[in-house]
Amino acid sequence: MDYFSRQKNTNIRLTLPVVCFVWQIAMIILFGVFIRYDEESDTHWVETKAHDNITSDIENDFYFRYPSFQDVHVMIFVGFGFLMTFLKRYSFGAVGFNFLVASFGLQWALLMQGWFHSLDPQTGKIFIGVESLINADFCVAGCLIAYGAVLGKVSPVQLLVMTLFGVTLFAVEEYIILNLLHARDAGGSMVIHTFGGYYGLTISWVLYRPNLNQSKRMQGSVYHSDIFAMIGTLFLWMFWPSFNSAITDHGDGQHRAAINTYLCLASTVLTTVAISSLSQKTGKLDMVHIQNSTLAGGVALGTAAEFMISPYGALIVGFFCGIISTMGYIFISPFLEKTLKIQDTCGIHNLHAMPGVIGGIVGAITAAAASESVYGKQGLINTFDFTGDFKDRTVLTQGGYQAAGMCVSIVFGVVGGAIVGSILRLPIWGDPADENCFDDEVYWEVSEHQESIPPILEYNNHMIHKQQDLSESNFSVEHCES
Amino acid sequence: MDYFSRQKNTNIRLTLPVVCFVWQIAMIILFGVFIRYDEESDTHWVETKAHDNITSDIENDFYFRYPSFQDVHVMIFVGFGFLMTFLKRYSFGAVGFNFLVASFGLQWALLMQGWFHSLDPQTGKIFIGVESLINADFCVAGCLIAYGAVLGKVSPVQLLVMTLFGVTLFAVEEYIILNLLHARDAGGSMVIHTFGGYYGLTISWVLYRPNLNQSKRMQGSVYHSDIFAMIGTLFLWMFWPSFNSAITDHGDGQHRAAINTYLCLASTVLTTVAISSLSQKTGKLDMVHIQNSTLAGGVALGTAAEFMISPYGALIVGFFCGIISTMGYIFISPFLEKTLKIQDTCGIHNLHAMPGVIGGIVGAITAAAASESVYGKQGLINTFDFTGDFKDRTVLTQGGYQAAGMCVSIVFGVVGGAIVGSILRLPIWGDPADENCFDDEVYWEVSEHQESIPPILEYNNHMIHKQQDLSESNFSVEHCES
Amino acid sequence: MDYFSRQKNTNIRLTLPVVCFVWQIAMIILFGVFIRYDEESDTHWVETKAHDNITSDIENDFYFRYPSFQDVHVMIFVGFGFLMTFLKRYSFGAVGFNFLVASFGLQWALLMQGWFHSLDPQTGKIFIGVESLINADFCVAGCLIAYGAVLGKVSPVQLLVMTLFGVTLFAVEEYIILNLLHARDAGGSMVIHTFGGYYGLTISWVLYRPNLNQSKRMQGSVYHSDIFAMIGTLFLWMFWPSFNSAITDHGDGQHRAAINTYLCLASTVLTTVAISSLSQKTGKLDMVHIQNSTLAGGVALGTAAEFMISPYGALIVGFFCGIISTMGYIFISPFLEKTLKIQDTCGIHNLHAMPGVIGGIVGAITAAAASESVYGKQGLINTFDFTGDFKDRTVLTQGGYQAAGMCVSIVFGVVGGAIVGSILRLPIWGDPADENCFDDEVYWEVSEHQESIPPILEYNNHMIHKQQDLSESNFSVEHCES
């Protein structure tokens, strides 16, 4: 497609391979220096342990974390990947670049999170196990959220740069929020969704394209691309209880995280449908809302899921999130684009940023309102981990630190996004011209063009299909009877 | 699309939001009054328990039920949802309304099942845990089966009404069958499939549309919609062993339930293919059969899966179910439509009702035939739970009660379906006109129209397309902004 | 479609049903004679065991194997099935025949593996449990790999014959490699992938079709078929850590298998993208590479996953596998077709055969290089199971036996494939004519013809697509060769 290069150089034959190779080699070297198996995964500790300690199923966290890990893993690669396939002609980029970015991000996350959270002082090594893999997937989620804002407008090289910095920023803000402020955020309302949301929105704001409507023909969805997107929506929706409960301490907190998220998401679906129907002249539903706003409840319960928010409390959170998120798609997104010049392809502001902030607030309030009568003395200590340096902390101060944590995640998202965005503005990354946005043909070998036929030819093409319609309707009868 | 309203008023802009809001608010209130976390999920019992009792992995059922829960959850939302996407132009409705209905149903099911099965006499509360979530999903399955019969012919409001009553009836018949009759039905051949099947068929019979062939152009599938449907088929097929073993007692019964279902389904596939090939002039296979009849074995083993039916017994059940179910699509469905005036869009009679009845019979026979030589004395007591009031029951009487249970499920399905069906005939629900059935454009904003154009219009259609292109691009803008 | 029969008789109305019925009945009889529930699944052992032994969750392997089983199960039916849907017009055959073949194969595998691995000498019975189901799925995987080489060129009857012999050969080579040679191969680099790869390639070589380009119009993919294929790719990729760890002994080895596979696959994605981009003039990515080569790392770590290969070691293996596998699609596949007359539809040589051999070599080297300093004394014994007859074996001899095992798997693949291939050449199996290959209409009732326009119209249609067709047919060839 030479006419692309005439307009803008989208040739990434040099940059993409170089980045992939150099960064992967760097990963190998850094892993060689820092990463080792943890005690449960390494065999040479056998002697040092009672024999039953290593083969006994009870002591072995693998069986209790691994199913949660696989659910989260599916959310990262199938969930996020397919959720973004809704565009008419950018499904390869959605699922393919999501795949690439996540695969790099999780390696870098193991290192960054390791340095900040689990670097062993004596050996200077990072010891990884199944739980580390879950945390790496979580970290990647933040970057994939950001991808949603710039979907179709950046090159894979830019995405990799976004991820490199995104993971780095994530590990730092996570360390500040969870370790220094000792805020609780099991499902990452603040750490993952608020940060990821504002990180992506700010980058999209820096990369604003005034003439984006030149690629209007490629915007919007086709019938089957909307169904592909529902695969992503459903796998995110179904496994969100695993997401919010994956790394909580074993015991009652993990149960609550799963139950609360399950209930919250169910109630989100009903209010999303209600608002979506209200928004159309004849009450028709809009796939954009069903694909996205139904998930807002899971985001908003990311912090409070493990608290004693109570089942009806979870339903209430979901109730309002469905309303607010759908309203966001109807009113706020157009406003963001027209007034603030933020082009948010997937509407991550309505699905992640806003619900993430709500989640942070809900978390702060429910923490501050926690009482011994509800939690019990030991329960409070277990739930908020009031141990060690924090054993004298009151629930009220905890609420304050939760709120502080949320501000940290916003600041990191906005400031980090501004810096990374300006790096991405350099003219070296091979990003597409305004008229070629949302088009897989820029970065992918696309086998056929049926669906993107120039308007002039469209008519003849349809003459050809006349005679087929008959045979089609014949079959239909048969199909219907069966 | 004003010309719809001219024919029949399908405007649900008032009814759908009202129903969603009112019912969701009702759920919140009822949950506030009745639903609490169970002992494993609530933290304020920590003191009352040995500390290791709450954090110990061994005592914690979460890790042993949760993976089964997630498998069942996938079957409900992806399995049932995508199985119904086979229609040319009703995939939004299939997967979207399935999503809506299930999300409401599981909340209502937690209440209904709680009142009947686990209401605590002292506190008057319902204590929920992970197992409650599985049961709620099971209850919803009954209503989604019923949806299959009326797919494309009802409005989302009617579906919500169907679900409200369906869940209510389900909880009652489940209580009668499992608690009063003390019948065993781990995988719900009777409670879920027989009830759901006859409930849907009776509703479809009451809502009979003599002029349904006016929407013939929309019936039947297109190539890619059949592949989407296979996603649903496969996830149902693969996770059915989890479905039948999810709520059985831990121990050998749970192993058998998984193994038997796995084997039974495998043998169903072969006989389904055989009959499907026999039914066509040149031995070609019919996707309708592969998508549906391959699942009949799992339905038919819902009751007997946990019994000592033996591996080859499971294969035999699958063998005949594949034959009978495929025959059903070829011979019985046309007969039902022509003679009994039952329009069964997905053929749930062949996939759920008939195999469900077979499952009930198989369960009754295998229970009556159970012997101490096969089960062992303790084994019989464990398998059929001959304890408490039922400790003197013989396997023969048990067989009788199993058969009685099946009759109860049929009666509840037929009578309940008749009542609910007549309620749904009221002209207030915004159901589509005969010529607009199976068409997503009635209830969904559809972005492009390529595949659903009446032949005559096809040419002008492109003239139309011009003007649509605007609306489409409007949509696109919206879509993009969002 | 009578004009098919004029060319070649593809009528399978007799053969397919007969084979399905007869073989399924044979399965029922053989299961009746040989297969019984194992101790954990059978209830009549309750007396003979301490009561807590049967209901206790800790002793019950079900909960620790079952989630792995379900992940593997998804890989077999959704993973392999959808990976092969990439062809423009053969998606029904891909997912449907995969479904049929796997359902027969797993029954036959339970018998064959039972006879060779777990036949009880006293009773002459095979006792099956959840782990047997995993092994049966593994065995089936070998045959599905072989299917990839002949995709679109054989009849379902031929596939069933391929599977009957494939499973038989598999059980024998598995017995020789794992039991007699006592080689370790938890993830089946040798037993599954090397064997399956060469088995399929040899069959495809025997069935060489010189005039296959007559069906060129059906070769290559369309936009949405490539997205369907990504569903298969991602579920294989995500669950591969479960595949490689499913049947390892509990404890540290299982952790390593999961962690190593996770890391190896991540690094494969980056190098696959790099080489794919390098291979195109403007650095565009090729879906064929992303769909397939990204999985090569999982194959290559099948043997060594449970060893102490160390995290960076896993990354290195993935690094080179991504490069070699993608290079394979670009250079080796065309060579195989032109020079060696091997038509490999899915490119299993690059995804399974070659990476499988690499995996065998990596396994042999890492085994031979294993040292007490790394594994610890007890660790070496645990990892390589140096017990019983093998307690005196050194790691060096172990390395030798690993290499020997790989040769066995290649020999079984090539020799077995040659024999089975010549059986499949008999003119009785109803395979398609050269001009009807890769076309679902030969074996499936297809509802609409949009994408497969009758030859007469095709011309005009192509006029429209001229400028595209060049790129398309180029692509197609490439796509087919690969």
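Per-chain residue numbering starts at 1, and chain names A, B and C are given in the order in which the chains are listed.
Keep in mind that, in the parts below, a contact is a pair of C-beta atoms (placed from the backbone, for glycine too) under 8 Å apart; a residue touches a chain by one contact, two chains touch by 3 or more.
Quantities reported herein were computed from a predicted structural model and do not represent experimental measurements.
Student: Can you list every chain in contact with both chain A and chain C?
Tutor: The common neighbours are B.
Student: Over half shared numbers or under half: where do the identical copies chain B and chain C land at their interface, same or different?
Tutor: Because under half of the interface numbers appear in both copies, chain C and chain B meet with different residues.
Student: Could you please state the distance in Å, as a whole number, between where the Cα atoms of chain B are centred and where those of chain C are centred?
Tutor: Centre-to-centre distance between chain B and chain C: 33 Å.
Student: What are the residues of chain A that contact at least two other chains?
Tutor: Expected reply: 58, 63, 67, 224, 231, 465, 472, 475-476, 479.
Student: If you look only at chain B, which of its residues touch chain C in the complex?
Tutor: 58, 61, 63-64, 67-68, 71, 88, 220-224, 226-227, 230-231, 234-235, 237-239, 242, 249-256, 258-259, 262-263, 265-267, 269-271, 273-275, 277-278, 280-287, 290, 294, 308, 310-312, 315-316, 319, 373-379, 382-383
Student: Help me check something: in the complex, which residues belonging to chain C touch chain B?
Tutor: So the residues of chain C in touch with chain B come to 1, 4-5, 10-17, 20-21, 23-25, 27-29, 31-32, 35-37, 40-47, 51, 54-55, 57-58, 60, 62-63, 66-67, 70, 73-74, 77-78, 81, 85, 89, 91-92, 95-96, 99-100, 103-104, 106-107, 128-130, 133, 156, 224, 228, 231, 430, 442-448, 450-451.
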